[in-house]
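There are two complexes below, and they share chain A, which is joined by chain B in the first and by chain C in the second.
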Partner chain A sequence: MKKVFAVTLGVLTAFGGFVDIGDLVANALVGSRFGMSLAWVVVVGVVGICLFAEMSGRIAAVSGRPVFDLVRERLGPRTGLVNLVASFFINVLTLAAEIGGAALALELATGVNYLLWVPGVALVAWLVMWRVKFTTMERVFGLAGLALIVFAVALWQLGPDWAELGRQLTNPPPDEGAPTYWYYAIALLGGAMTPYEVFFFSSGGVEEHWSRRDLAVERANVLVGFPLGGFLSLAIAGCAATVFLPVQAQVDTLSQMLLPAGLGAGQIGLVLVIFGVFAATFGATLETALSSGYTISQYFGWQWGKFVRPRQAARFHAVVLAGVIVATALILTTIDPIKVTEYSLVFSAAALPLTYLPVLMIANDPDYMGQKVNGRFSNALGTVYMVLLVVVAAAAIPLMIATKAGQ
Partner chain B sequence: MTAARRLHAELHLLDRQVIHSGDGRLVCKVDDLELATGSDGRPYVTAILAGPLALGPRVGGVLGRLMVAVTEMLRPEEHPGPRRIPMALVSDIGSALVIGGRPLEMALERWARRTVIDPIPGSGHAAPGASAHLPEAAPPGAARLSPLLRLRVTDAEGQEVGQVADVGLRQDGPLLAGVQHALRIDGFIVVPRHTGRLFGYERGPGGYGPGPVRAIVRLLHRGSRFVGWEQVGDLTGDGIRLSVPERDLEPFVFGRAKTGEGRSAPLGSGGGKESGGGKESGGGKESGGGKDS
Partner chain C sequence: MRRIPVCLSLTLLLSGCVSPAWDDHDYALKAAASAEAAASGVEMARLAVRDGDRLMSPYVKTLLTEVSEDLSGIAGQFGGVQPPSRASDEVREELLELLSQAEDDVDGLLIELRRAGIARPAQAAARLEEIAGRLRATGERLR
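Let's look at the complex of A and B:
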């Protein structure tokens, strides 16, 4: 049982990236418009985030330095600050969306308007970050998010035409333009490989006091958590492709994207899926809020983390508190949480190389890593992804403008 | 005979985390380094500088000026300086710098605790209070290291050579507080173009992966040179004027820079040429320079 709990950090991190509010809807939307023709992007994203998280987790375990320490150390104070501002902006935007998402799940469960739930969700999330131990937090919300596996069950129960889904893998629907197709490819990749996942994962490793001896645990976290997250996002897309694509319906709300789960797995399925959505978005709320504190503290060298008492990391907790307040205020303006994440995914794809490069460099630096530097395989794959991420970053914003954000 | 430890200022020291040896608490970043001039006219590192007054000028621009201005406004002294941690307190230089001495606390942390965190229930009480002393003033004549980076370099005939990419340091300076030798400026890595940082790819042997990144960084900095301190004629805020013509400069051979090697050694060992093509010793993270005793 202990071994099961050991990988909850990876599960919580991955769910925050793959099945948080933005991706839940993005996956369903992509499934309903493009069928399974963008499934390959999820696979590319899973491999990429595994590589990225494995390097950053290994660095955290061997040298005790989390990701934003490396960003500032290798890129210097100026470029580091640019990255900090971009990452913090994306973090708070995503945090706002996740609070909204958790409130939307509560609205689906109770019928009470989500805006009334927002302050409560934000307060409970902050209390968890203020008082609950890191390991307890990651276990509870990592395991609760597993309820989303019901999407896979639902897909099975729907009994789709597997041959048709297989055919869609290589055949994008003819009525969608190429720029739109690539815009959604970038949004999906940005959703899979978000910077806040590695901020949270590497800082979480430090919170759990990983050392060289824990490298096996670190790898297990990566290899269980992220593929599981990717698998779930494929299941969601598959459900949407089965139910919505044949009738040309487009998904853009949370309740619509939950429909296939209800059709496939019945009432219990629907209850489980709403619970799962709440757990995943609430977990993502914690992940993004803590990441905003981690990044600022690590850039300036402040004491951070939940492994010390709040008064010993006063600046860190002040930043987290301020982040939660700003995000809550943002979502209370009735801004659409799903639209917010769609944009923040694309921005985070554009900012990603600034975080990826220093991690790749330091994973090769024996001053930090001793014998645990990247092997040939990691470096070959790391170089391929470096090129890929730079191309994606350059293309992200122009494509967003050209396609009017995928319309 | 062990050679004195060599470091690159920007690569190994600047922007690294500072940790307290007692409780492993995170203290600050190395925002800048303070220099004093030795009896032989060669500058050596006397202290780590931390806080917005050290970081602001390095960030530069509106944001950097704002950082400095706000801090100066809030501090009670006439001419406030950054937080100073004497180099003699540094016991290890690795992926972080470990310091001893009494625990210190930055002003912003104290402020955030008093006004934001302490009033909230459950913040955890009765933690050992760190000392709340004001930062000590820098000694007269102290300079900072960061302005040397990106400084223009011209040779004895006024020919432009390039700009400083990193500062070579060597642990053979005067004794600090009687416990360890200071890191003394040994020379400069001068790159011919404005192509940014070296990212650590100047080190060897062979250099670190991934290969394509190394190749790109080295290509951008081809034609780099190492200027030993004895070749520096005049060092001012505007640039470095060398005492030799450009053709007499040694090329900087990538992958042969010997850094991070060797424990801190007694004064007077070494003193040979910088570009000795010896093999780099392992250099894991453990190769920190311990205290001399």
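Let's look at the complex of A and C:
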């Protein structure tokens, strides 16, 4: 019974914690412009993140070390440094977007300008990372993120033409050009497979002292929780496709992205969805900030993590604090958090092979994994994904320039 | 080597400026894009106003404020593009007039909302629908 409870709680946490500002923005944008014609990318992204998160969780459980800890050792300091610089840059950009997202959710609830909320969000996030236990922190915000289920309820309540949504699956709007379509496909994939997720997941495994006995729970979290999170992403896109596509309205702001939830599920639905967005973005703020500390500390071999007292991991906490300060300063320049999110998605997509190739290599290395190396199926699928991610990485920046960032 | 930072700074500075219209066709395309972006914002406002009683007041206020700022930005950006001929002058006047109407309407609704709430949401939504339709038609005609 205790095990069933642990699995259920883990699955719900993974489900509620799946959607962050990147998923929200990408799915709402894509739904309003392309209907459901890019839903296939969400499926590809969810399969990809399940595949690589399972590998990184297995690496943490079997070797007792997170992925980035092994990157330098396995790939050498130079390649590891390239990986570190790219990951840290994207992490801080994503962190800025998440802090902005949480502040925007507070603005929607109170009417007070989001810039006034930004320092408060950053301060509370830092205090939570400093004081709250890892497991409590992860579960509270993961479970609170479940409020985003309102999008699925709202979609049902909006009474969409299901046949039309089905037709859109294979028919992109004719007035959108192919480069723009592919640009958004890449952004959507970047949102579903954001690099920090893997660093956080594997480091979290070490924080929670996973061992081989926890592998079943870890797999259930990933293989059930993440696809349910993908279902939420599709519901967000479905809402946008139902409300905005027929009137040719394109979403630019968080308030507009949440409008279908209010129209479908009323005031209570809107309150819940704003709460869900706050929980999801605040939770992701913690994850991205911690990931910044994890990657740098693990590369340089410093003591890291919340499983030791802050005094024992002073450099780790200093990096986390520095990351939060830089990201907060970026958002306080009044740069649009939604634009920051859009750019972070594309840069994430460009860096995907740097994140996932080491995972695939280490998960195949018997020196680290013993008998728990990848099976044939995981390897075959992993190789197909690596080819796909290399193509995506090569196309991301040129497409961003060619389409003027999807205009 | 010293010229590189200067060239880079100049490029960044110029990239922040509004791009000029090379001819009437280019100007019309810019006008169409502005009209379509404005129509999108007005539609957002319409949806929020139509069902405003089902939404929270701070939320509707934030949404309408963003739409108003967007419309102001679109008008400012399009107004900054110099029309290359007299024919383009007409396009400019027509679109700026429409944008101004849209902005005035949304601002008016914001004032109502901050006082005692929007008195006649159905009528306000109908008016916004009409403006959005005209903006879309203008955009389609100029493409």
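Keep this in mind: the second predicted complex is superposed on the first by the 389 of 407 C-alpha atoms of A that agree within 3 Å, B and C clash if a C-alpha of one lies under 4 Å from a C-alpha of the other, contacts with A are read in each partner's own complex, and residues count from 1 in each chain.
We adopt the following convention: contacts are C-beta pairs under 8 Å (C-beta built on N, C-alpha and C of every residue); 3 or more make two chains touch, one makes a residue touch a chain.
In this text the structure is predicted, and so the values were computed from the model without any measurement.
A.B. asks: Is chain A touched at more residues by chain B or by chain C?
C.D. replies: Touching more residues of chain A than the other partner does is B.
A.B. asks: Once the shared chain is lined up, is A:L263 touching chain B (first), chain C (second), both, or neither of them?
C.D. replies: second
A.B. asks: Does the superposition put A:L108 against chain B (first), chain C (second), both, or neither?
C.D. replies: Only chain C is touched by A:L108; chain B is not.
A.B. asks: Is A:I274 in contact with chain B, with chain C, with both, or with neither (first, second, both, neither)?
C.D. replies: Only chain C; A:I274 stays clear of chain B.
A.B. asks: First (chain B), second (chain C), both or neither: which does A:G190 touch?
C.D. replies: It touches nothing on chain B or chain C.
A.B. asks: With the two complexes superposed on chain A, say which partner A:V62 touches: chain B (first), chain C (second), both, or neither.
C.D. replies: first
A.B. asks: Contact-wise, after the overlay, does A:V243 reach chain B, chain C, both or neither (first, second, both, neither)?
C.D. replies: Touch status of A:V243: second partner only.
A.B. asks: Under the stated touch criterion, which partner chain does A:L81 make contact with: chain B (first), chain C (second), both, or neither?
C.D. replies: first
A.B. asks: Should A:G142 be classified as contacting the first partner (chain B), the second (chain C), both, or neither?
C.D. replies: Neither partner.
A.B. asks: After lining up the shared chain so the two structures overlap, which partner does A:S255 touch, if you call chain B first and chain C second: first, second, both or neither?
C.D. replies: In the superposition, A:S255 touches chain C alone.
A.B. asks: What part of chain A is shared between its chain B contacts and its chain C contacts?
C.D. replies: The answer is that chain A has no such residue.
A.B. asks: So in the complex, which bits of chain A are touching chain B?
C.D. replies: Checking each residue of chain A against chain B gives 62-65, 69, 72-78, 80-81, 130-131, 300-304, 308-312, 314-315, 317-318, 321, 357, 360-361, 364-371, 373-374, 379-380, 382-383, 386.
A.B. asks: Going by the contact rule at the top, pick out the chain C residues touching chain A in the complex.
C.D. replies: 36-37, 39-41, 43-44, 47-48, 51, 54-59, 61-63, 66, 70, 132, 136
A.B. asks: Name, in rising order, each residue of chain B that touches chain A in their complex.
C.D. replies: The touching residues are 10, 12, 14-18, 25-29, 31, 50, 55, 58-60, 63, 94-96, 106, 108-110, 112-113, 116-118, 120, 122-125, 127, 197, 199-200, 208-213, 260, 282-287.
A.B. asks: Report the residues of chain A in contact with chain C in the complex, numbered from low to high.
C.D. replies: 107-111, 243-244, 247-253, 255-256, 258-259, 262-263, 266-267, 270-271, 274
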